[in-house]
Structures are given as structure tokens and as C-alpha cells.
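There are two complexes below, and they share chain A, which is joined by chain B in the first and by chain C in the second.
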Partner chain A sequence: MTATIDATMNQILSAPEEGKPKSLALVASKGGLDQVYPVLIMASTAAALGWDTHVFCTFYGLDIVHKKRNKKMKVAAVGNAASPPPLQGREFRVPAFLGILPGMNSVATWMMKSWMKKSNIPDIEEMMQICLESGVHFYACPPPSGS
Partner chain B sequence: MNIKMEDIIPEASCLGATAFLDVASRADVALFV
Partner chain C sequence: MTVSMVADKVLDCSGLLCPIPVLKTSKAIKDIEVGQILQMIATDPGATLDMEAWVRQTGHEMVAQANENGNFLFWFRRTK
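Let's look at the complex of A and B:
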């Protein structure tokens, strides 16, 4: 197993063929805090590996490149059977119907942010800064608003 | 959604889907997240 992982990592980290960097194209169409983190983690990691990275932001994914909204991202308390994350190693499940109570989105967001902080993962603003400094290309494509 | 282009960070390109598809068609990895 370890040998396989080592071989895969060596292949990923190996020098690009014919001097051409590898490239990654991501489509981000969701704007929840827990849905944006994977995009930015993948983009920043690929850019750190020297990959040419492009992120297409559309529909709710536009919040990633929105000046104000990317500071106010939240986690939805309903609709995720796996939430919340295990707390201090203990399995802890909140009954789904509690998610409809007022303030539960804020609670879920607070839990997610504290989880990320404990895991030493930067917040969204910092992740964006890292991506931009690493040369990740963002494409903003608003859907037709009809207004 | 009513998003104005002036609300978008200046680093983001507004070239649209065609430009991205041109890049994505040549990408080693393409993901829908």
C-alpha cells in the first residue's frame, strides 16, 4: 500500500513531460462554506505543485470571487446527512429536523470554522489569497439574471 | 442572483464559458466540484 502511494506521489510530483506543466480545470457551482473549501484546497494544492490551474465559478460558485459574499459563506444545517463533523473523536449526530430551527446555519458555520481552525486550514479569505498569489486563474460567469 | 460585475474581484477573468472550455479541453484533470 505504502509503495503504491509512494509511486503515485512520485508520478504526480515528477517533472512535467516536454516542459509543459500539468493543468487542472475546476468548475465551482456551489457557494456553501463546506462546498467551497474543496475547490480552494484542490486549486491551491495544484498551483503549489506547479500546475496550471483554472477555476470556473458560476451560479452559487460565483460567491468565491464575490468581494463581499466570500466573507459571509455559511454551512447549510439541513441536507447533509454526514454533518456535523465528529467532535473530539466522538460521533455526534444532530437529528435532521433540528436543522430547520432558527440559527442552526450559524451554529453549523461556527462548527465548521472551528473545525478548520483546529485542523490548521486557513479561512476562505486566506485560501483565496494563497490561490491568487499562486497564480490560480478564476473565471467569473454569472448566469442570466433576467433583470 | 443579481450579481454585478463590479462586485467580482478584479483578478477574476470575465471571459466566460468559451474561454474556460478552451482551457479545460487541454487540461490533464477536469473536475466538477
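Let's look at the complex of A and C:
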């Protein structure tokens, strides 16, 4: 199994053909803080590896390229059975129904942000800056709703 | 063991986790001239695999690497 994975990874990561950089296209359709991080991390890393990287932002993912809205991203407190993450081995679960209480989104967001800060991961604004500096292409592709 | 090698630029990524060392390295390598050496220091054990993949992808050269008191040291030569 490991050998198969290694072989596949070597194939994927092998040096690109002459004058033909590898490319990556991502579709970002979600605007939650926890859903945007993976997109920006994947995109910035691909760009750092010299890949031609494109991110298509659509539906709620449009918030990624919105100057004001991308500073106010939140984590939804409801609808995530794995929330909150087991930090430092602490296995504690908040009953799902508590997520409907007022302010729970802010609590979940605060937890996520402090988690990221503890791991020295830049915030969305900085991630965006890194992506743009390393040459990730962003496309705003609004759904046909008139917004 | 003390490893010493002349580096034109030193990048400290101590305490930073994947993928930040890769991002910072690829940014820093642009600040040196072709043929010059960039030294990178990381504490994330995953950095070894990351940087090996990075040189394979970008074509820059990893001149040396070392493990010193839990720090992972890398020396890269800019090739293009």
C-alpha cells in the first residue's frame, strides 16, 4: 500500500516537463472560515511549488475575493458533527443542539482563530496576500442571482 | 555536531507548521541571485519531506540538510 502511494506521489511530484508547469484548479464554493482555509493553503502551496494555480470563487466562495467580507468569515456552530476539534488530545464534544444558541457562531469562530494562531498559521487576510504574491489567479464567478 | 556552511541568506521558520516553511522558502529564494545559497531553519519534522518535494518540483538544488538539536537545517542553491 505504502509503495503504491509512494509511486503515485513520485509520479505526481516528479519534475515537470520542459517549459510546461503543472497546474491546479480549485473551485471554492463555500465561505466559512474552516472551508476557506484549505483552499488558500492548497493554492498557496501549489503556487510555491511553481504550479500554475487558479481558484474559481463562486456562490459563497465569492466572499474569499470580497475585500470586506473576507475579513469577517465565521465558522458555523451547527451542522458539523466533528466540532469542536479535539485540541491537544482533549476529547470533549459540545452537544449539537447548543449550536443554535445566540453567539455560538462567534464562539466557534473564536475557537478556530485561536487554534490557527496557536499553530502559527496566518489569518485569511495574510493567506490571501501570500496567495496573490505567489501568483495564484483568483476568478470571481457569481451565480446568476443578481447579487 | 555543528554544521556550518556559507549562506547568502538565512530564513528562520522555527515554530512554523506546514505549509508556511514552503511558502516562505519559495519567496525567500527569489531574493537571492542564481547560484547563491539560502539556509532555512525549521522545527516542523514534516519540513524534511516538504522541502524534498519542493526541490523536486521547483528544480532548485538542496545542497545539504542536517538535524541539529531538534532543528532541521536546509541549504538550497537557487538554480533559476
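Just so we're on the same page, the second predicted complex is superposed on the first by the 131 of 147 C-alpha atoms of A that agree within 3 Å, B and C clash if a C-alpha of one lies under 4 Å from a C-alpha of the other, contacts with A are read in each partner's own complex, and residues count from 1 in each chain.
Definition applied: a residue touches a chain if its C-beta (ideal position, glycine included) is under 8 Å from a C-beta of that chain, and two chains touch if they have at least 3 such contacts.
Worth saying up front: this structure is predicted, and the values here are computed from it rather than measured.
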**Study point:** chain A residues touched by each partner, larger count belonging to chain B or chain C
**Key:** B
**Study point:** Which superposed partner A:K74 touches (first chain B, second chain C, both, neither)
**Key:** neither
Practice item. Considering only touches as defined above, state whether A:K113 meets chain B (first), chain C (second), both or neither. Key: neither
Review point. Of the partners chain B and chain C, which touch A:S134 in the superposed model: first, second, both, neither?
Key: second
Practice item. Classify the contacts of A:A48 with the two partner chains as first (chain B alone), second (chain C alone), both, or neither. Key: second
**Study point:** Which of chain B and chain C A:F59 touches, first, second, both or neither
**Key:** first
Study note, to complete from the structure: Contacts of chain A common to chain B and chain C in the A-superposed view 22, 51
Practice item. Mind listing the chain B positions that touch chain A in their complex? Key: 1-3, 5, 7-9, 11-17, 19-20, 23-24, 26-33
Check your understanding: Where on chain C is chain A touching in the complex?
Key -> 15-17, 19-20, 22-23, 25-27, 53-54, 56-59
Exercise for review: Please give the residue numbers of chain A that touch chain C in the complex, ascending.
Suggested key: 13-16, 22, 41, 44-45, 47-51, 119-122, 130, 133-134
Study note, to complete from the structure: The answer for chain A against chain B in the complex is residues 22-30, 35, 38-39, 42, 46, 51-52, 54, 56-60, 62, 65-69, 128, 132, 137-143, 145, 147
